[in-house]
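The chains carry the letters A, B, C, D, E, F, G and H, assigned in the order they are written, with residues numbered from 1 in each.
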C-alpha cells in the first residue's frame, strides 16, 4: 500500500523541510519512502509544494503527486488567495483522503466544494499550526513542524519516535539537507533565530508534540 | 503607442481584468510621472512573485516608474530573479536566453529605428549581475563598442540569486557562496570602469537605498541613450534571501554598503552632459 | 541604416518564382544567395564570418551598401548574431543571416528559441564539418544536429535551388499560420564556391515587405496594448496549466511546421523522383543528389535499374511521400556527406521493412563523393543484400 | 509571511518614504486628501521594510489573520 | 588547489563497484552525484549553475573544500567551463563537470571537440527542457541533440544508477582504447531532487588516480618530445591524405565508442529485460522506466502480457541487443519525456518491421508521466494497431 | 621536460626527420637563447604556410624565440592565420575552438600545477584580434578577472585575416572591409585599458617592427605570469595580404603606425615591477 | 563529353582567377561549365588548386576534379618542391591527357614517373609563362593569363575569342569575381600594378596571345 | 613568389637586422666566422622585407629560377 502526501504552502514556510523530515522518518522505521519538491521558482511567499510517498513495497513513481491520499495545507492563502500551483487545493485527492489546513478558524468552502469533498469521503481538519508554533516554540517559523505533528496525530503514517528522530537529524546539522536553490537559503533562516541548535531542537520537539496532541483531539 | 490603441473597445471592457482597466484609467502612459507620484497612480508592474523584501524588486519598481516615455519603451530582460517580475510588466518585454539581453536589444533597437523612423522607441535592458557581467559580458561590451543606443541596467545582487545563491563575478572577494565554498578568490568586476573604456556615454553606480537617485539616473540614462550613445546603470540590490537576512534587513544592508564601497558615482561624457543640459536636466 | 530601394517594384513570391522572366547568369552559390537577397526586400541582415559562408554575407553587405538591405552589421560572434537577428525579428522586420559548422554549434541554443518565439527568420547554412579536428570542408553533420530545433529545413542541390528556396522561404516563413524560421542548407564549397548557370529574374523587382500585422504573436514594439497584465496569471494557477503551457507551445511550433507544408508546396515538391518504378532506389539530398545523378549515368547500360529520390524538404519530413516513393523498392541506397548518416536514420525510422536500406556510401572530411563509389555500393552492397 | 504592515494614521506625516521603499507595486497608496499613506494589505508581503524605514515610526507589522482590521 | 585526500585507500573500479561493502543512505540524485565524486579521486571540477544541476555542483564544491577534489571553481558560462575542463583534461588530469538543458546547448560546440580531442571527461547531465518558452522542468530533449557528438551516453533511472554509472564511467572513459567523454544523464528533479535509498560504499576509499601515461594521445605538458616537426608534413601533401586524416579520425572516435562496450559491460548491461517473452514490450530509458514499472503493476491481472526493456546505454547504441530483445514482440511502446521522440526514432531505425512501434506516450513541459497514460496507450494504442 | 626525454633513442635516429635532429642538436631547449642568437640555432618553428611577408608570422617567430623556458612551455592558440603556423611548432600546443583559448589555458594551467607542483609550466596564449577581443572576449576577460597565471598575446592585424579580411572589433574606425562595406562605425577596442581594469599585472602594446621590444615584452610577460598574475601583450601585425599591400610593404606599414597611434606602451603593476627587478630585469 | 581541368599553383598566382576565366569563356560560347577552387587555406605561396569542367551535356559532379583530362601546373615548385595538395602532380590523369607546366626549362622526371606518363599516353608541355608575362605584359602576375593562353593554344578547349572576352569581363570590373577569403584579396593585388584598367586589359590580351602562339608552336 | 633574397657579402656588415625581421624561421643564417648573414633560398618566400630593412642595402631580390646561384 502506497500513501501519497502533498504539502502546499508558501515559499519560506518550510514545506520542503517538512517533507524531508516525514520521508526520513518513514525511511528510518524501515518503510519505503521518497520525497521530492515541486519544481518551480522558489521565492519567499510564492507558492511552494512538496511530496512524500510512503509504502511497504518498492516505490517507482516519480514527480509530483497527482493523486494524494493526504493533503497538508500550510497557509490559508493557498485556499483563500489561490496561492497554489494546484487548484483547487484538493484536486486529485483519492477517496477517503485526509486534508489538514493550518488556519485559526474553519474556512468556509463553497457548496460545490463541500459536495465534492463529501463525495470523496474526505476528512478536513483545521489546526492553528502557526499559533502552536508561536506559543509553544516561540517562533512562527516552526509552523511546518506543527503541521508534521498534526499530520502524525491525525494519520499515524509514521511513528512519533521516528518523527522526533528525523527532526533531530534534520536540525542537528549532522545531515545537511540538500534543497534546490533558494529553498536551501530560505530554510537556513530559521536556524538564525536560535543561538543554540539544542534550543531549536527542543522547541521543535515541543511544538511537534503539542500539535500532535491537539490534532489527535480533533480526530473524528 | 498612442493612447487610442490602449483604450479598450467599450464592448470588451467588461471582460477585461480590473487591473488593466485601472492601468488605462489611472496609469502612467502618456503623462510623465515622477517618483513622488508613486502611490497615486496604477503602476506598470502587477504583483510579482519575487521574495518579500527583495531589493531587486524595489529597484525594478523605481526604474519602471521613472521611465520618461513608458508608452514607447520596450524592456529586454534576461534569465534571473528579475525575469519572474517581467511577466507582470505592462510593457512589451523580451526574455529569450540567459545573457543575450544586449544582443536582443541591439537587434530590437535597430529594427525599431527602421520601422518607426519618426518616433523614438526607448530600449532598456534590465538584467542581473550574472547575466550582464558573466555569461553575457561579451554581448554587453560589444553592444557598447558598437555604440548601440540602448540603456543597460545591471541589478547587482552580487550573486546568482535565481539559482540559489552562487558566486558571480560581481560577488565580493572572500564571500563564501555556493560554488565558492572557500570564499571568492577575486574582487568585484569593475564594470563601470570598463563601461567607460567601452564607450558608454553615461555610467551611474547607484544604491537601491536611495530611490531618488535610482529614478533620476534611470531617466538620464534613457535620455542619453536616445541621442548620444549607450548608457549603463549598476544598481546595488543585495539579496536578503541568499544573504540569509530577514526580509526587513535587506534595505539596510544596501544602505550600509552605500556608505562604504558602493557610493553613488556618475560619469557623463561631455556630449551627454550637453545633451542633458539642453533637455533642462542637470 | 538606409531606407531600402523604393525604386524597385514590389511583387508577390508567386510572381517572383513563376511568372517573372528569367535570365541566365554564371555565378557561384554564394552569389546566388546575393541574388535572392537582392530581391527579398530585407530589413536587417547581420553577419559573422566563417568559411565557407563568408562570401555570401560579404555580398549581402555590398547589397546593404547599395541600399538593397536596410540595416547590416557584423556581430561579435554567432551566438550574439543569432540573438541580434532574433531581436530584430521580434521588433517586426524581415531578417536574414547565415552561418555554418562551428558557427551553427556556437549559436545552437538560439535555434529552438527562434522557433519557440515564432520568428520567421530565414537563414542560410553553407554546411561545413565541425571540430575536432578542425576542417573547413563540406559536411552535412550540422543538419543532423538541427533536426529537432523546430525550424523548417530545406536542402539545396545547386545554386539554382539556393536562389529559389531562399526567395520562397520568406513567403512561407511569414505566413500567419507558420511564422517559424526556415533554414536553407547548401553544401559548403560544392555549392557555395562552384560557378554554374543560374536563372534569375531581373533586378528591378523585390518581394512585398514583411507585414508585421500578420504575425501570430505580438511584436515587441509597444504598438499593441500590453497583454497578460493581471494580478494572478492563470499560468501560475495550476501545475497542469503551467506544464501544459510549455507542452502545448511546443506542439504548436511543431504544428506550424506541418502547416507550412501547404505553403511550401506552392513553390516546391517535397521530393522529386526519377525512375520511380526501379527496384533499386537512391535517396539523397543536397549535392549527394548530384553525385547520384552521375552514378545513374554511369549505370546506364549496366543492366541495373536504379531510381533517384531527391529530397528537398528535410523538415517537416515528408514521411508519407517517402513511404509512397519507396513502397516497391527492393533496395535503397542513401549516400550522405556526413559520418552519422542522419538521413539514413530518418528514412529507416520512417519506412516499413527498413532492412531494404543499404546505408551509405558516406563521405566526410571534405572530399567529393566519386560517383563510382555510389555505383560500387549499388553493384556490391545491394546485390549481396547488405 | 504571517505579517502585514499597518500604518498608524495619527503618526503618519505623509512623507511617502514608505511608498518609495516598498518593493511591491501599489502596496502602499497615498491618500491625497488626508496626506497619509495607507497599506493595501492584500498586496503587502509583510517584509517590514516600510516599518524600518518610516521616519515617524508610524508603521507596525501585525498578524495577517485579521483581514478586516488591516485592509480598511 | 589542494593535494587531495591521501588518507583514502585507492581501489580499482571493480572493487568499488562489486566488492566493497555498501551501506544504505536516504539521499537525492544530486547527493548521489556527490557520493560518486567523493570516491572518484577527481583532480579538477569546474561548475556553472543551472537548475536542476546546481545542487550537485554545490556539493562537489563542498568536497573540494573538504579536500576530496583537488581543484574547483566557477567558470563564466557553460561554453567556457566545457573548454576549461577540456584544457585540464588535455593536461592529463581527471576531470568532472555537469550542466543541462540551456547550458548543454550553450556549450554544444565543445562536445564534438571533446570526443575529437580524445578527452576522457565524465559529465553529468541532469536533463531539463530548453527555451523558448523557458522551463526549468525535466525533459530529455537534450539527449536527442547530443546523440552524434561522439560521447558515450548512459541514462540513469534513479539515484542508485547515477552513483554506479558515474563511478564506473571514469574507469571506462580512461581506458587507452576508449579515452572519449562519457555523459551520465539523470532526469532533472525526478532523479536529482528525489530523496530515495541508495547503497554506497564507505567513505574511506577512492578510485586509483588517472594515469596520464595510458592516454592514446599525448598530453599537453611538454613531458614528451614535440611531435610532427617537419618541413612538409604529410598531411599537407595530398588532398586524399588531408581528407582522410579528418575522416579517419572521426571513424576512430566512433570506433572508440564501440570498443568501450567491452569495458562498459564489465559494469553494466546495455539493457535489462523484464518479462522478455511478452508480446507487448515497453522500451524506455531514465525515469520513463520507473513510470513503466508502475504501469506493469497496474496491468497485472488485466490479461495483457507486457514486458519492459530498460535501456541504459544510449551510445554506443546496443542495436544488436535491441533487435534481439524485440525479435518476437508484436507491439512496442516507447514512453519518452520529450517531444521529439528520439528514442522511438532510434529504435524504429534499428529494428525490422518498425510498424510494430507505437510511438509514445510522450510527456514534456515538466509534468510527470502518469503510469495510467502508459497503460492507456498499451490498452488502446496497441490493440487498435496504431 | 628534461633534455633526456628529448634525446632520441639511438636506434631510431636514422628514421627521424633531419629537422628534428637539428632541433635536438642545435635548438633552444635547455639553454636560453636571446634575440641576437637568431640565425645561429635551429628555431622551434618549421616552415609554415603563412603568407610571404606576414607580420603575424614574424611576431610569432620572435616571441617563440624569446620564451624563457621553451622546454616547459605550452602554447594555446585559436583559429585564425596563426593556427596554421601552430602545426609547425615544436612545443606542445592546443587548437580546439575559435575563441576559447583563454578558457583552455586556464584549465591547462591549473591542471599542470596539480601534476607538477614543484615545477613551473609556462602557459602562453597566442591568438588573433578576433579570437581575443571579439568572439573570445568574455573568456579573455574572465581569465584575467580570476587571476589565471597565464600570458595572453594578441596578434593584432586589425581584421579577420584567415577568413579573408573582415572587420574585427580591433579594426580602425572607417576601414572599409568585408562585412563593413561602408566603413567601420566605431574605433578600436581599447583592450589594453580594459586589461588593466581587469587586473592584468603586466600589459604591453608593441609593434612587430621593433623585434627587440617584442622579445623583451614577451619575456617579461611570461615571467610575471609565473608568480604575479595574468599578463597581456598586444602586438601590432598588420596583414599585408588583406591590406592589399606588396609582401615587402607590410613591415613598413607597421612601423608607420608605430610612429603615430601604435606606440609602445607598457603597464607594470608594482608587484610585477618588484618581481621583475628581483629577477634582474628592468 | 566532359573535359575536366585541374590547375595547380601557389597562392597568389591566380589559379582561381584563371579557372574562372576559362569557365566563363566556355559558358559564353554556349558550353556547359562549372568552376570551383580547392577548399583549403589560401595563403600567399601556399599550394592552391582550382578546377574547371566543360561539357556539352549537363554537369552534375561537384568538388575537386579527381580524374582530370588536362593538368596545368602554374609553378615548378608544385613538382619540384612538392608544393601541392595533389601528389604526384599528375595523379588521376586520364588516358591521352595533357599536362602544361610553367617552367623555363624541361623538368626531369624520375624513370618511374616517365614510365607512368607514357603508359597514360600523356603529353607534357613546358611553357615559360612567367617569362612571357614579364616580357610581354610587364608584370609577372600575369603568368596565369599566359597559362590560359598556352592551354588554349595546346587544347583549343575554348575559342580564342571567348577567352579574350572572358578575360575582359573579369578585369573590366563589370563582374566582380567572388572568390573565397584571401583569394579575393590576393587577386586584387594585380590591379594595383596598373594605373588604368584598360592598360591592364591590354597587357593581359597581349600575354594571352603570345603564350597561345608560343604553345601552339610546341604542339606535338 | 618568383623571387628569392640574395645577400651581397661584400656589403653585409653582419648587423643581423635581416635575420630578426624575416618572417620565416631559419631562412637567414648567421655565419659566425665570417660575421655575415646568408639566405637559405629554399626557405625564403621572396617577400622582400629583408631587402627593404637592410641598412647597408646588401640585399637584392633575384629570380628564383637560378637555384645554383642562390643557395650556395
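By our rule, a residue touches a chain if its C-beta (ideal position, glycine included) is under 8 Å from a C-beta of that chain, and two chains touch if they have at least 3 such contacts.
Given the structure is predicted, the values throughout are model-derived calculations rather than measurements.
Counting one step per pair of touching chains, how far is chain H from chain F at the shortest?
Minimum step count, chain F to chain H: 1.
Compute the centre of every chain as the mean of its C-alpha atoms, then state which one is farthest from the centre of chain A.
Computed centres place H farthest from chain A.
Per the definition at the top, count C-beta pairs in contact and tell me whether C-F or B-D has more.
When B-D is set beside C-F, the one with more contacts is B-D.
Which chain maximises the distance between its CA centroid and that of chain G?
Result for the farthest chain: D.
In whole angstrom, how far does the Cα centroid of chain D sit from the Cα centroid of chain H?
From the centre of chain D to the centre of chain H is 87 Å.
Could you work out how far the Cα centre of chain B sits from that of chain C, in whole Å?
38
Would you mind pulling out the distance in Å between where the CA atoms of chain E average out and where those of chain H do?
Those two chain centres are 59 Å apart.
Report, in whole Å, the distance between the mean C-alpha point of chain B and the mean C-alpha point of chain H.
Each chain's C-alpha centroid was found; their separation is 62 Å.
At least two partner chains per residue is the criterion; list those residues in chain F.
46-47, 49-54, 96-97, 134-135, 137-138, 142, 146, 163-164, 169, 185, 246-247
Would you pick out the residues of chain H that each touch at least 2 other chains?
1, 45 - these are the residues of chain H that touch more than one other chain.
If I count partner chains per residue in chain A, which residues reach a count of at least 2?
12, 40-41, 44-45, 64, 180-181
So in the complex, which bits of chain H are touching chain G?
Those residues of chain H that touch chain G are 1-2, 42, 45, 65.
Under the definition above, what is the set of chain H residues touching chain F in their complex?
Going through chain H, the ones touching chain F are 1, 16, 19-26, 28-30, 32, 37, 43, 45-49, 51-53.
Going by the contact rule at the top, pick out the chain A residues touching chain E in the complex.
Against chain E, the touching part of chain A is residues 20, 23-24, 27, 32-37, 39-41, 59-64, 66, 178-181.
Along chain C, where are the residues that touch chain E in the complex?
79, 102, 105-106, 108-109, 112-113, 115-117, 129-133, 135, 137, 141, 144-145, 147-148, 239-240, 242-251, 254, 339-340, 342, 344-346, 348-350, 352-355, 363-367
Hey, which residues of chain C end up touching chain B in the complex?
Those in contact with chain B are residues 1, 3, 43-44, 46, 70-71, 73, 75-77, 79-81, 83-93, 95, 109-110, 113, 117, 212, 218-226, 228-233, 236.
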